[in-house]
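Alright, structures below, take your time with them.
Heads up, the next two complexes both have subunit A, just with different partners, subunit B and then subunit C.
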Partner chain A sequence: MKEIPLQLSLSQTQRSRLRAALEKLQDLASKSTASVTVADTIPVNHEDGILKGHGTSEFNEEVVATVCGVVERVNKLVYVRTLRARYIPEVGDIIVGRVLEIAPKRWRLEINFSQDAVLMLSSMNLPDGIQRRRTAVDELNMRSIFEENDVVCAEVRGFQHDGSLQLQARSQKYGKLERGQLLSVPSYLVKRRKQHFHHLEKYGVDLILGCNGFIWVGEHVEPKDNEMVEDHQKQEEFTPLETRQHICRIANSIRLLSALGFNLSADKIVETAEASMFSNIAIKDILGAEFCVETAETELKRRVSKRRS
Partner chain B sequence: MVGLSIGEKKFIQGGISQDLRADGRQRRDFRPISVEIGVIPQANGSARVKLGATDVIASVKAELGRPSSLQPDKGKAAIFVDCSPTAAPIFEGRGGEELSTELSLALQRCLLGGKSGAGAGIDLSSLVIVEGKVCWDLYIDGLVVSSDGNLLDALAAAIKAALSNTGLPKVSVDLAAAKDDQPEVDLSDEEFLQFDTSGIPVVITLTKIGRHYIVDATSEEESQMSSAVSVSVNRRGQICGMTKRGGAGLDPSVILDMISVAKSISQQFMSVLDSEIAAAEAAEADDA
Partner chain C sequence: MGNTKVIAAVYGPREVQNRSQQINDQVLVRCEYSMANFSTGDRIRKPKGDRRSTEISLVIRQTMEACIMTHLMPRSQIDIFVQVLQADGGTRSACINAATLALAEAGIPMRDLVTSCSAGYLCTTPLLDLNYVEDNAGGPDVTVGILAKMDKVTLLQMDAKLPMDIFENVMQLAIEGCKAIAHYIRDVMSHLLSFYVLITPSVI
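So, the complex of A and B:
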């Protein structure tokens, strides 16, 4: 589940094209934000009296940044929001995580946060859909719901008093994810939106963009109540080849977009996958040099035209 | 080691039986490879090879030494591999030791040949300067910087690139100075002899998952393997060494099949690697 850096053997022209496109993209972006690197001075008005927040320090009576990121100001507080940091949860976020261990009445999940998240047995619907008190028997059968290493989709419920992060999965759309692959991208590339579950009907693919940067691409499954029984018969057969091709194409599009550092939205991902299909590019060549340059140039054109209109 | 849920394991196995792996490759496709040479200025030769998210560095250090009395007409070469704790948390402390030893042994078997030095990919007799008196000792070190499967192939490729980057200083020996003791040697600062790498094999690892086998497995795929066979093949298509990992047994006919597949793949891989090394050499010459 490593983030795949692009290994491009670019030709001379491709390299200059890519560099030009990325530079122009940077020019378009940098006008709005005050991004700093380590040891950059942050301009402040000392007369107002300021509070130095995270990622800042005082040096020779100037406020300097100690991390790379974007300067944020909230009233008197000045801090630097770091890039490429770990995921910072907010209540209501939809996340994808992996079960690390089963503890009494709870599962512990890895969600790319600075600590493990907790999913209580009481804050999820039982597979048979009954709302009732969780008994000791339920507690003993927790492994039949989620095992170690299972990929689980859930929602951030909130922080407890002791600072631990609580999750909930009180709906049929949450739960175990099977038959697909989990990708990990920097979490800042996934913006919070209204919709994080996407069923791409044309391809029969489910796409879940977790706010924590874990992205699930898998075969579409209808949410249903009592899946426990028939589960085991269904496991024997593999994903159909055609669906698998779509899954791999979409997954590779996500890998490419995240390597180029573009925000990930379902539209953008599908657009990239369709562009690759349109120009007859093999699935493994999506990560190749030519398509990478083309994608960067398309994105540049899109942003330029958006700016004009 | 990566933990995978049952659903993901099934997905990987299904992909391999349908000849479409998770990143869109087919069973016999390598990931894109990139080669950088001359990354360690202190070494006589060095190279860094990236194969997808796998990242390894190899360096070659040459020292003047004395050939062993049993083989006065041959130089010495030794291979060591180290797994950096930055690659995976389990490599911290002594955690990577087992894997390091396994990798070094496999590479020694694949590149150095038997104890007698016969069948070696690295021509040890070219390392002799004065028979029985002076020879080059080659210390070949591999470092795993980031691990995403198929370490052996990447290390072998890095060693091949590092050796092609190696220049051994020209040595002039004054035999008259001392008859029975070590003769006096003089190293040239300007003239370097290029190391002949045409005979150095590449290693192709075939990982068996389910009923099929694949090349260049990622660590996710490796976690599903039943066994893996690494074959080292030289430019002429000859087998220089073999190692098998994994607990499950293999039918002899499967092994023969694997060897012939490895042989045909090795020729493609060798030409890709050669062109990457040439490109890296050109890039380095541009920088200088």
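So, the complex of A and C:
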């Protein structure tokens, strides 16, 4: 679950190419960004009615940053977006988490937030799909739904008045995730979009971009209405080698993109995976030096052309 | 700082491990200071919770608590682990500086950067950042921790007696040392940050 820092052994030319590409990317971006560290003053041009957002405070009538990050301005609101902080949940976010423990009527999930999230038994669909009150028997059978260390996909329901974070999984698309890889990236790389579930039909792979920075790449499963009936057949199914390779290729592309610090979107991930396939790069070499430099250069070209148009 | 080498690790904010310690309106800060067996000249096997390390843990915890904006992360805990790899005087200030850097890098909101530096007085000369030999000479040793921008003192320790006027000189020297360190830490931070910011576009 730890982020994997990329240990590159770059040759001299590769290093200079990578540096050049990254510097150009920085130039493109720096026109709109200003990075601050703790206790730096944020210039506000003495406009009145400035609203101080997250990561700022006031000292000697100056706006001062309290975290390291990038200054963002939305009309009169000034805030600092942190780059390496924990995920901050918002209602409706789709997240991927791991079950830590089973407590009475609830599961506790690790979701990269400063506290554990709570998924109540009553706020998820039962496997048989019937809407009814949860009985004591259901409570005893909780382990048949999720066990410890299972990977689960859910939605943020909101904060309880005691400050704990509640999740819900009231749809077929949420639930246990099996046969795939869980990746952990910095949460700021995943932007909130309309669509977080992606079915890559070409590869038979499901991709879930959790807002909390946990990303699931796994074999495609059709959402079933009656999962209990199918359960026995599922056990015997076997993930074909080809699908496993696709999963690994896509997962490695995500690792590469996150190590380079590019925003993650389904399109870009597929694009990178296809580029690696196109240039006949083995799955393990996606994280190698040469492809890393190539990806940075491709991204640079893309942004330059976007800027011109 | 000199030959002193320290590593710091910050975990959190995360769920409170011991439920009874949970604080409902602020974050629980915990700190553990330890010295590696190989860090000093002679290899001594120290028990884990000896008095000296518990005291320094407490000092570091209190100093860091003063700068972390604890009210922003209620019902969670932050763990700070500092370990001395090579001790050559001024370990507690080195640990505080390392912890500040680690906290800032972890994106934990802080009022200001805390920096610390020690100063001493030997043979009628005030000395900045004592090394092991100077430390063991038995003269007075003042450790100061300040909030660099706000100019506030969060830590002040002295083990001996000093006349008022000399103390002021020594303290002034230590504060200047702290400010120099703050400057240096800021440089390191912005360098680190520029690497992260590098590529991520601000446009959402």
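As a working rule, the second predicted complex is superposed on the first by the 266 of 309 C-alpha atoms of A that agree within 3 Å, B and C clash if a C-alpha of one lies under 4 Å from a C-alpha of the other, contacts with A are read in each partner's own complex, and residues count from 1 in each chain.
Going forward, a residue touches a chain if its C-beta (ideal position, glycine included) is under 8 Å from a C-beta of that chain, and two chains touch if they have at least 3 such contacts.
Since the model is a prediction, treat every value here as computed from it, not as a measurement.
Enquirer: When the two structures are overlaid on chain A, which partner does A:V64 contact: first (subunit B), second (subunit C), both, or neither?
Expert: A:V64 contacts subunit C only, not subunit B.
Enquirer: Per the contact definition in the header, classify A:L22: touching subunit B only (first), subunit C only (second), both, or neither.
Expert: Once the two structures are laid over each other on A, A:L22 reaches subunit C alone.
Enquirer: Tell me which partner A:R86 touches in the superposition: subunit B (first), subunit C (second), both or neither.
Expert: second
Enquirer: Check whether A:R302 is in contact with subunit B, with subunit C, with both or with neither, and answer first, second, both or neither.
Expert: Touch status of A:R302: no partner.
Enquirer: Determine where on subunit A the residues touched by subunit B overlap those touched by subunit C, and list them.
Expert: The answer is that subunit A has no such residue.
Enquirer: Which residues, counting only subunit C, touch subunit A once they are in their complex?
Expert: Residue list for subunit C touching subunit A: 12-15, 24, 27, 69, 73-76, 104-113, 148-150, 186, 189-190, 192-194, 196-204.
Enquirer: Which part of subunit A faces subunit B closely enough to touch in the complex?
Expert: 1-5, 7-9, 98, 147-151, 176-182, 218, 235, 238-239, 241, 244-245, 248-249, 251-252, 255, 282-284, 286-288
Enquirer: Which residues of subunit B touch subunit A in their complex?
Expert: Result: residues 2-8, 10-11, 13-15, 17-18, 20-26, 29, 31-34, 50-53, 146, 148, 219-220, 276, 279 of subunit B touch subunit A.
Enquirer: What part of subunit A is in contact with subunit C in the complex they form?
Expert: That would be residues 22, 25-26, 29, 32-33, 35, 37-40, 55, 57, 59, 64, 66-70, 72, 81-86, 114-116, 163-164, 188-189, 191, 260-263, 299, 303 of subunit A.
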